[in-house]
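Structure record follows, encoded as C-alpha cells.
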Amino acid sequence: MTAARIRLGMVGGGQGAFIGEVHRIAARLDNHYELVAGALSSDASRAAASAEELGIAVNRSYANYAEMAKKEAAKKDGIEVVSIVTPNHLHFPIAKAFLEAGIHVICDKPLTSSIEDAEALVSLVEESQLLFAVTYNYSGYPMVRQAREMIKNGDLGAIRIVQLEYAQDWLATNIEAGGQKQAAWRVDPNQAGSGGSIGDIGTHAYHLAEFVTGLEAKSILADLDSFGEGRSLDDNAHILLHYSNGAKGMLWASQIASGKENGLRVRIFGEKGSLEWAQENPNYLHYSPLGAAAQILSRGGAAAGDGANALTRIPAGHPEGYLEGFANLYKEIAAEIIARRRNETITSTSLIPSVHDGLRGMRFVDKAVSSNRAGSVWQSLD
Amino acid sequence: MTAARIRLGMVGGGQGAFIGEVHRIAARLDNHYELVAGALSSDASRAAASAEELGIAVNRSYANYAEMAKKEAAKKDGIEVVSIVTPNHLHFPIAKAFLEAGIHVICDKPLTSSIEDAEALVSLVEESQLLFAVTYNYSGYPMVRQAREMIKNGDLGAIRIVQLEYAQDWLATNIEAGGQKQAAWRVDPNQAGSGGSIGDIGTHAYHLAEFVTGLEAKSILADLDSFGEGRSLDDNAHILLHYSNGAKGMLWASQIASGKENGLRVRIFGEKGSLEWAQENPNYLHYSPLGAAAQILSRGGAAAGDGANALTRIPAGHPEGYLEGFANLYKEIAAEIIARRRNETITSTSLIPSVHDGLRGMRFVDKAVSSNRAGSVWQSLD
Amino acid sequence: MTAARIRLGMVGGGQGAFIGEVHRIAARLDNHYELVAGALSSDASRAAASAEELGIAVNRSYANYAEMAKKEAAKKDGIEVVSIVTPNHLHFPIAKAFLEAGIHVICDKPLTSSIEDAEALVSLVEESQLLFAVTYNYSGYPMVRQAREMIKNGDLGAIRIVQLEYAQDWLATNIEAGGQKQAAWRVDPNQAGSGGSIGDIGTHAYHLAEFVTGLEAKSILADLDSFGEGRSLDDNAHILLHYSNGAKGMLWASQIASGKENGLRVRIFGEKGSLEWAQENPNYLHYSPLGAAAQILSRGGAAAGDGANALTRIPAGHPEGYLEGFANLYKEIAAEIIARRRNETITSTSLIPSVHDGLRGMRFVDKAVSSNRAGSVWQSLD
Amino acid sequence: MTAARIRLGMVGGGQGAFIGEVHRIAARLDNHYELVAGALSSDASRAAASAEELGIAVNRSYANYAEMAKKEAAKKDGIEVVSIVTPNHLHFPIAKAFLEAGIHVICDKPLTSSIEDAEALVSLVEESQLLFAVTYNYSGYPMVRQAREMIKNGDLGAIRIVQLEYAQDWLATNIEAGGQKQAAWRVDPNQAGSGGSIGDIGTHAYHLAEFVTGLEAKSILADLDSFGEGRSLDDNAHILLHYSNGAKGMLWASQIASGKENGLRVRIFGEKGSLEWAQENPNYLHYSPLGAAAQILSRGGAAAGDGANALTRIPAGHPEGYLEGFANLYKEIAAEIIARRRNETITSTSLIPSVHDGLRGMRFVDKAVSSNRAGSVWQSLD
C-alpha cells in the first residue's frame, strides 16, 4: 500500500491500560497508520505522560474526547479515524462525538453498556455513512477466515451443531477487591453494563459463530452465575442457542474456570463434516470430513485458501498470534479508509465487524440476562 | 487371587453383537472368571454356534434366559454371576429372573428401558441382597479414579463448574435404514426406551461426573433433537445441570457429531484448580492448579495415587485402554464375589456402579425427555 | 476360531516378574490359548506358588526348563508352544531345549545375549522347521500395520529419512544399587549381553523401522554412553543408520531421559509424504502428504486399511493399548499354529517377527558396540 | 522508553524478499525504530519502488551499500544502526562497510559464507567496539528464555542429553529449478557458502542449544545428504555432538522432510528433569521433573519467570508468535543502543546473539562439512 499512512487518534489506553496498547501494535504492525492524537486518560497527567511516550505532539494530546473530536475535525490534517478503548459505558458518548465530527470509528467490544445506546449508535452510524468497526478481533485470525470459507463452500453441508466456549480464570478469586483495575470496571454494572463474562468474552464467541457459519442465532436460554463473592454480574454463563436454520448451539463463557487462560474454542458440526478452532493455538484448523481421515490445516500451508492467505504474513510453521490477528482487522479497515479517500467503498465484500454485529452482541447480552432472570426460559433474539 | 475362578454366564452377546465380546474380554483379562453357560441369542442356531465358539458345553447353552436361570440355579456348580448384554428393554426381565434364582448380576447400561422397571429393579436387588453391578465402564479407567481421589482430597476446592460431553458420529447418517443392527435397536423406542443418545451415551457422562465429583445432580434442563430423518428418539442433546452444592453443569451428548469417534470428555473446575480427562487418550489426567503450572499426570506415573495404581497393570507410557478399563470393573466385581463366598462383603468401600446409580441414570433420561417436551424447563431429579 | 485352544507353556515369569504377565494376558485376551505348564522360576517355591496362582496343575509345574521340555514332549497332550520370558542370556539354552523337543517357541527380545548364540539359534530353527516368534511386540499395533501398508502402497514414495527414538527414564538414577530386580539384570553384561539400552529398547525401534519401511539397514555408527554411575553397559545411545535404498536414519535410545516414560516414536519421510507414530498414543497415525493438509488416521476409523482392521477389536475412539498390541502377535501366532495342526502353513504372508529378525537385532547391538569402541566409525550390518 | 526512536537503515529486503519484511515488522512492533534509509535492492528501480512503499525519502534510498554507509555516516542525523538482510555471501562486505563507518550492525544469520570472513568480522567488531547483533531470532522467544533461566537455576541438574531438530519440507522438490528466488540462492554455494540446510536452519538449532544450556559444543560428527537432484549443498543433515560437560547431542536439520513446516524443537535432559520447546507452538514449555508429574508452563502464566516476562506483551492464552519473538531481539538491541547513546553499556548482561555466536555457527557449518567429507569422523569445534 503506497498511500500515505492513515492519521489515527485514540481515546483511552493510557499507561496501565491493556487493550489500548494492543490496538496501537495492531495499527503499527503493517505500517498503515500513524498515531497523531489522543485523549489517552481522564487523568490529565497520565494522559500527557502517555502521549509523550507515544510520540504524540503536546498540542494533540487532549484532556477529553469532546475537545479532541472538535479540534481534530477542524484541522486540515486532523485524524481520519479514532480508536475507542475505554470501559464499555463510555463507548457510546465517545463514538457519538466522533461520528458527529465526521470521523471514522474503531470501537472495542461490547458495543455499548446498554441495548438502548447500541440501537441509538446504529442510527448514528447509518446517518453518518462513516466507517464504524467493532473489534471482534478473533474474526481476524487467518484460520477463522479459512473456516468461514469452507463452510460457505459447503464443505460441512448443512450445519447442525455449534459448540462454543470462552473460558478464563483471571476472576477465579476476587481480585477486584485488591484494586486490580482491569477487573474493577468489568464487575461494575455502571461501567460494564448488564453483562459480566457474557459481555466481556461471551460476545466474542457468539460473534465468531455467526461470522464463521453465516447463520444468525434466533433464540437463547441462559443460566448465569456469580461465583465471585459480592459480584452482581455473571462470571460464568451456560447458554443454549437456536440458529436460523435449525442448528442448535451451546455456549460456555467463564472467567472463573480455574486453569483456563484464554480458552476460546469454536466447533461446528455439519452433515458432512466438522471444524474445530482454538484460539490458544490459532494457526491450525481441525477438519473432520465424515467418513474420512481427520485433517489439520495450517495457516500458510498447502490447504489454506484465499481468505486465510490474504491475512498471512509469514510462512507456515512460523506462528502468527493474537496481535497479528488483531492487526488484520486494522489492515482491512485501512484498506476501506483508503478506498473511501478515493470515494470508493469496498463494503460490499467487507468482513469487518460492523455496528450491526455490535448490536447483535448487545442483544445477546440483554436476552441472556432476561432469560436467566426468568429462570432460564427461551428468549427471541429478533 | 488364588481363589477358584468365578463361574460366569451370559445372556445376549451372540455372534454379530458388539458389547458381549467386550464383557467377555473384560472377564478373561485378569483370569478371574470362566464363562460356562449362556443364552447368547434368541435365535437358537446362532446361540448354539456362539456357545460352541466360546467353548461353552452344549448342555449349558440355553434357548432362553428363563430356562438358564432355573437350571443354573439348580446345579451345584451353576453360575455365580450372569452378565446381561441385550438391548435395554430386556435388562429388567432377565435381571429379575436371575436375581430370583439367587444369582449375582452384571448388567449393561442404561439400567432398563423405563423408569418404572428401574424402580422395580432397585426393590428386587435390595430384597435379594445379591450383588448387582451396572457397567458404567468409564469409571473403571485408572485416571478417572485418580480424578475422584484428587477431588475427594480437596485438590480442587469446592466444585463450581462441570463440563461434560460425549460425542460420536456413527448415526450422522441414517444407517438404521440400511439395517445396521446396532443402530436399529438404539433408535427404536420399544427396545431402547425413551432416550436415544441420552440413554446410550449421555448416561455415561452423567454418571462419570457424579462418580468423579461425589456430587449429585439436583435439576436438569434439556434441549433434544433428532437430526436423523425419521428418528423419534434424540440423537443430539444439549443439557444444563444444577448440582447439590451449587455447582453448574453442561452436558452435550451427540451421535451425529461428524468427525467424533468416542469423544467422552469430563472437565471439572473448582475454586482451587481443575481437572480434564478425555476417554480417547485415557492414560493422562490434566490438572491445572490455580496460579501454578498445568500438570499432566500419567497412569502408572510418579504422581498417580492409590486408586489409580490399584487398577494399573503395566508401566507408565505403555497405554492401557478401553478393554482394560472395562476389565477393572470385572476385577472389582470378582473381588466382591469372592469376599461373599467367604461371607464377607466389601461393599462399604465399593466403587462398583450399583443399581442405585443405574436408577439415577434412568431418572436423568426420564427428566431430560420431560424437560424437552415442556420446552426446556428445569426438572427436579430428586 | 472354533479350533481347540492351544496348549501353552511358559519359562520364566514367576511372581515379581513383569513381562511374563504381559505374555499371559496377551495369550488370554482372545481366548486362543490355555496355559497348562510352566517352569516359572528358578526358585522352586516361587515356581510352585506362581503355578498355583495361575491354575497350572502341580505335576506340570517344573523345577527347570530342561525337565519341562522333555516331559511335555513326551505327553500326548503336552504343550504345543512355549513362551520364554527370562533374562536374555537364558533365551538360547531354553529355546534350544524346546526346539529339540519339537515344540514351537515364542521368545522375548532381544533374541539372545550374544551374536554367536543368535546365529546358532537361526540354524536350530531352520533345521527344526518349527515356528519361532520373537516378540517385537510393537509391530502388533494396528496403526503400525497401517503405516507398513501405506508405505508398501507407495503413499510416501521413495523413503529418504528415518527418525527413531525410544526414550525412558527409569534408569535415570542407579536403582539397580537398591536391588530393583528388573534393573539389576539389565545392567549386568552377564545376563543382558553386550547391549544395555540398545538391546533392551533400541532393538525395538530398529526392528520397527525395518518392519514399517520394508528397508534393511546396511551400516551403523554409534555413540554410546553410560551415565549411570558404575554402569558398564550403555544407558544412552546416539546412532546413525544407512538403509539399503540410500535412506538415512537416526536412532536415539535412552533409559536415562528424565521425564520420558515409554517414548517410542517412529517417523518416516519419503519423497511424497511422511508418517509419524508414537507408542504412547498408539491409536493414531499422523500422515502428512507433501503439498496437502496433514491427516490423522485412527484405528478403527474410516481411513484404516485391511492390515490395521484385521487387528482391531473395538470401534474407533475406544482406545486399544499395549496389551492388545501384544495380543495381536499371539493371535497371529495362534493362527499359524492352528494352520500347522492341519499341515498348512501361512508363513508366506506372515508378519510375525522371526528368528531372522531376532538375529538382525543382535547384529544391530553387536555392531553398535563395535562402532562405539572404535570411536564412532561406520560398521557394515551385512 | 521515552527516548527518541532509533534511526534504522536496511540493506537488502526489497520487494519480493522475505526476511527483510520480518526485520521491519520486528523493528516497528514496539515503536523503538524508524526506518529512514536503505539500499533495498541491487536492482535500482526495485530499490526505489521499495523505498517509496516504505516511506523512505528519495535521497536516502541508495543504489548500493557502500554509498549508503558513507553518506549516512556523514549526516548529522544519519542512521544509528543498519540491518543486513541479504544472501549470506554479502553479509561480510556490507557489515565491514558499516562498521568502518561507525554504524551499529544487525546481521541475519549465518554470519558469513566462509569461516575466514567470519573470523575477520570478529576482529572488525572487536576493534570497532560497535554493537553487532546476529539475528538468531529463536532465542527471543519468551519460553526459550524461560528454559534458559530454569537450566541456569539448576532445575534440571547436570545436563546429559541434547536433542535438536529443525525440519522443513520446502526443498522436498527441486523448486530452485523453477526459479524460486529464496531457494535459488540457498542451494548455490557461491551465495550460501559451504552449508545448505546446516547453515540455513541447522545453525539456529545449534545456537539455541548453547543459548539455553549455557554449554559449548566441543566436537561434531556429521552425515550430510543432498536428496534434491543436482544439489551440491546438503539438504538433510544428521549430526552428533559432544558438549563441554560430557553431555551428548543429536541434531537433525532437513529441508526435505515432507510434511514439516518449521519444525524446530529443542529437548534438554538433565539428571533431575527435562525441558521441551517447539517453535510451532512456542507459548508453552514442557517441563518434566524426574519423579513428579509433567508440567506445561505458559508464556505469561503463573510459573513464568523474569526472563520470559520481560519479553511478554500480552496475557497468557493470547499467543505471541514468530514476529514477536523476532521483535524481542530488536527490543533488546534498542535498549543497548539507547544505553550507548548515554555512554552506558548493558552488555554485561546482554543475551543478544553476538558476532562470537555468529562465528560459532560458522564453525559448526565448517566442521560439519569436513566431518562428512572424511566419512563422518569426529571434528573438534575449538
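As written, the chains take the letters A, B, C and D, and residue 1 is the first residue of each chain.
By our rule, a residue touches a chain if its C-beta (ideal position, glycine included) is under 8 Å from a C-beta of that chain, and two chains touch if they have at least 3 such contacts.
Note that the structure is predicted; figures quoted are calculated from it, not measured.
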(request) Could you tell me the least number of steps, going only between chains that touch, from chain B to chain D? (result) 1
(request) Same or different, please, for the chain C to chain D contact, judged on whether over half of the interface numbers appear on both copies. (result) same
(message) For chain B versus chain C, what separation do you get between their C-alpha means, in angstrom?
(response) 35
(request) Compute the distance, rounded to whole Å, between the mean C-alpha positions of chain A and chain B. (result) 43
(request) Round to the nearest whole Å and give the separation of the Cα centres of chain A and chain C. (result) 55
(request) Name the residues of chain C that each touch 2 or more other chains. (result) 260, 287, 294, 298, 301
(message) Could you list, by residue number, the parts of chain D that touch chain B in their complex?
(response) 287, 291-298, 301-303
(request) Give every residue of chain C touching chain D within the complex, in rising order. (result) 156, 160-161, 163, 165, 169, 172-173, 221, 223, 225, 227, 236, 238, 240, 248-250, 252, 254, 256-260, 269-274, 287-290, 294, 375-378
(request) Please name which positions on chain B make contact with chain C in the complex. (result) 1-2, 5, 18, 21-22, 24-25, 28-31, 52-55, 168, 170, 260-263, 279-283, 298, 300-301, 313-324
